[in-house]
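As written, the chains take the letters A, B, C and D, and residue 1 is the first residue of each chain.
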Amino acid sequence: MTTNLAEIVAQVRADMESHIGSGRVADYIPALSRVDPRKFGIAVTTCDGETINAGDAEEPFSIQSVSKVFALTIALERVGEALWQRVGREPSGSAFNSIVQLEHEHGIPRNPLINPGAIVVADVILNQRDPKLAITEILEFLRARADDRSVQIDLEVAQSEADTGHRNTAMAYFMRAFGNLNGPVYDVLTTYFHQCAITMNCVQLARAGLFLAGSGRDPISGEQVVKEARARRINAVMMTCGHYDASGDFAFHVGLPGKSGVGGGILCVAPHRASVAVWSPGLNEVGNSLVGSLALERLALLTGWSVF
Amino acid sequence: MTTNLAEIVAQVRADMESHIGSGRVADYIPALSRVDPRKFGIAVTTCDGETINAGDAEEPFSIQSVSKVFALTIALERVGEALWQRVGREPSGSAFNSIVQLEHEHGIPRNPLINPGAIVVADVILNQRDPKLAITEILEFLRARADDRSVQIDLEVAQSEADTGHRNTAMAYFMRAFGNLNGPVYDVLTTYFHQCAITMNCVQLARAGLFLAGSGRDPISGEQVVKEARARRINAVMMTCGHYDASGDFAFHVGLPGKSGVGGGILCVAPHRASVAVWSPGLNEVGNSLVGSLALERLALLTGWSVF
Amino acid sequence: MTTNLAEIVAQVRADMESHIGSGRVADYIPALSRVDPRKFGIAVTTCDGETINAGDAEEPFSIQSVSKVFALTIALERVGEALWQRVGREPSGSAFNSIVQLEHEHGIPRNPLINPGAIVVADVILNQRDPKLAITEILEFLRARADDRSVQIDLEVAQSEADTGHRNTAMAYFMRAFGNLNGPVYDVLTTYFHQCAITMNCVQLARAGLFLAGSGRDPISGEQVVKEARARRINAVMMTCGHYDASGDFAFHVGLPGKSGVGGGILCVAPHRASVAVWSPGLNEVGNSLVGSLALERLALLTGWSVF
Amino acid sequence: MTTNLAEIVAQVRADMESHIGSGRVADYIPALSRVDPRKFGIAVTTCDGETINAGDAEEPFSIQSVSKVFALTIALERVGEALWQRVGREPSGSAFNSIVQLEHEHGIPRNPLINPGAIVVADVILNQRDPKLAITEILEFLRARADDRSVQIDLEVAQSEADTGHRNTAMAYFMRAFGNLNGPVYDVLTTYFHQCAITMNCVQLARAGLFLAGSGRDPISGEQVVKEARARRINAVMMTCGHYDASGDFAFHVGLPGKSGVGGGILCVAPHRASVAVWSPGLNEVGNSLVGSLALERLALLTGWSVF
């Protein structure tokens, strides 16, 4: 299969050539707006332990909301299914930063993969400690999962997120008003903004997500990161909620659980097969990587990995 | 595997014993409210062509919204991907009969598996013909898929739906106001109400859904009902939208595409494995079969059929 | 004061010259779209019984939603304060034809001067009779109030309203679904559409509203049409709800209770002073007569009739 | 008239006896929850300069949102009609602290008398200065208008508002995200929370509002506080927006512009007649003084001061 997969990945990259540069690079903070829109990287790490990559797969980018999947994993390990008392697991039916639903549903975010849900998750990880401890915990989890200690947080990005994050701040205070934040708003947001500012490349990111393809077990290290049922459930949440209000569309076109970030990265899990990371900074109108989504659709078609 | 599967189905049925009778039977029309809440049936038809069933699997029930999956299939075959100009494929984030989204999104329903979306689908099938022709087309499709000409429409149920369907009528007129209905409202609704009133048993329903498990091909008859890509996409829509505002929860607990109906039936597709139908009339608070959902969660666990 | 008032009205008309023709004529039905956008009429009938008019004050126009004030009066006389069980008296905070609020507030319209509220009022007047009786009752009330039997219903307009009134039909069925309509939807809407199709000129309309300026008593005929408290309350509802989602703006600029119609007419009540009708077909972006609103603001300024 | 008015006020007080103690005292901060629910005070100051009061009219209470009328006056004097670029003047159709409208309308609050609108007004008064200067300006304006330098800010209340004001903080950050706050969120809220914590009694409050009854001129001091047109417009905003989502009800029952506060106070303006302040801490279900509203309805009936 390896030869075959390498050919497929090369094919995907070739097929993307005409699209590269499409979409609109996020510009709400300088560090993101400076990224070259023509970047494109893809890495596939199989459950057999092989990695195929192409393009700018070793160039670091800001993983942004892709981090929400890993933070969710940490929070579930900490408090178990009790997490679902504080955050739902339904698609939101609205934009990633909508506050309307929070008012209608009394401060309980729809799911952990939209901003307010991820802020609740950050509060769970923070656990009323010093934010440095929580940030370190998240970073170390990513380094362990990527099997690469060079994974870093971009402090300029973290600071920019804080400087411009009025809407996230509003959502945090709003949830606090409903009693759904335990830690100080500033500390929770500090944790959240640093988590979003983690920088990885496609190879690292694909490697980091591999345990989700392996029924909770990292097939390379052999470590059981989470129980099988938990891995399945995280994948399920990614499938229904991983692309904000375009989650249905992603399931329709790609047929795999995935989580996008505004930096242009997408982590995609093919259960029992592989973990895939793509990166292309141009976003479509709902904030997901335009070329990255196309690449994953093509990959799913050529591999037959769609779960449907 | 068959022996094994038979044991699993028996186990699922046994595990449900303590739950049977839970939930609240739909009471908005007499024909539904009269149903014995202690009914429970399950049928599993594998891609190998074997059927295992248990309980009241041969007793007919009103499939109601489960019909939306088959109507979607017919409409896609008729107009192809152009259907998506008139109906979305995103989870709604709201109740099955909410009209709020229609106003905010200019008469385009969120997906074809909620009421307004299914009304648009009915309009596509109606195609400005006599409703009798459209109803016959839907019924014949179900009979063919179930390989059983005894599948019927319960005319009392159809009439009751029409008599009480003020909210569906409101949604139809509302979409008409936005230019998203071509046929006369009365004819579209007549088609829709009759489609909802189709009566099947679990064995027939599991058989009818088998083409969705078989990549679009009915593995028993060998007929390619729809192309593989289309079957996958219908499954994707079921996964993200099949249980109204509890679709995320169903994906989380069961991990398979499924579509529920207010009559207590659920059709569930395990790609490349089997088609499953369960029936238990008691509904949970979001309108899906309470015991049926539990049974499917148990079945998915014991078989390992979750796609995640 | 009369001389003075005549001068003021002449001044208002002169001041409007440069604005005449502004705004956008309603075009959803042919009969309205054909109206000359340069028409402008004004009539002021004082509690002393004098009438001053200017411009096209004797040319009939479709009063449309201005009729809602008179229908409200009739319904209150029939069922008294019990009416408020079925319709609120708060500004809607949304467009005149929004259905969102109806879903959130269980089929109870916000007030009787938006479309769904007026449909409930029509249902009250209909009182499960033949719609012809209800329509006649409304028309005769207008004729009596205008002291002019030539007031008519434009049947072409009524028919056009029915042909295009899908959104109103949707709202009627939606309220029926919540049990807030007693009569058949068709009959209620027939009543409503005919009421909207009443044709009057400014002189007739100002005369018809005079009882609201006279504490419920028609100061010319001496007839006590409604009790003083009721007249005051109708005026209050007009003040807070009479211009849809621009009611606050009208109160701010004009300072008088008023009710607009999509035909370009506005009835405005200066308590203890006068009843005023203006007509200019061009509408502003919220559906109220653009020049008519300006004329009333000017009139209120020059007369000092603002209640504030 | 004075004798008559004194009798009327005595009558109103007597009529309230059986109601006193009704409603629910605000309990979100300790200082408010400690207030005796049986307090009732009323003061009427006429444009002739006479004051009639009854009950606990000289006992100070927290004026809370009644302060919004005076803050609006100050802000309008500072930036004039340009204020309406940043805040609307339409009734909200929703609760005083709803954030939904802010999202739908891009950070522009519906009117200056709901919380988010008052926060924008506080930002205008703050004008990027030290909050102490803004707070002093507001306090001095109240003292001048009340002609009483003993008007104070209750610092315990101000601190409690800040400690519990997560929802107001959320709204401030939300508006900041839309670019509709100029000053630092903390400073704006400090100004706002202190403004809400002003303590006055009925006599002072009625006196302070007198300029709004006097066409912008304080009839006692002779000072023209604002121009006539501005006073009328402030009254208009109070009429349509002064009682949150019960403004229509207040206009219906009382027929006068008014503004309520959660401390149980209501300021009510009878144009050209008098300024009225009532105080009774028990609130109705929409957050307005229950007995205070009844007292004003009774007063309006007995005096005939309704503007309608």
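Details
The criterion applied here is as follows: a contact is a pair of C-beta atoms (placed from the backbone, for glycine too) under 8 Å apart; a residue touches a chain by one contact, two chains touch by 3 or more.
These numbers were taken from a predicted model, which means no experiment stands behind them.
Rounded to whole angstrom units, the spacing between the C-alpha centres of chain A and chain D is 48. Per-chain CA centroids place chain B at a distance of 55 Å from chain D. Not a single residue position of chain B touches two or more of the other chains.
Chain-to-chain contact here is organised cyclically: the chains close a single ring, every chain touching exactly two others.
Of all possible chain pairings, those that touch are A-B, A-D, B-C, C-D. Across the interface of their complex, chain D is touched by residues 88-94, 101, 110-111, 229, 231-233, 235-237, 239-241, 245-249, 251-252, 255, 257, 271, 306-308 of chain C. Against chain C, the residues of chain B that register as touching in their complex are 98-100, 102-104, 166-167, 169-174, 176-177.
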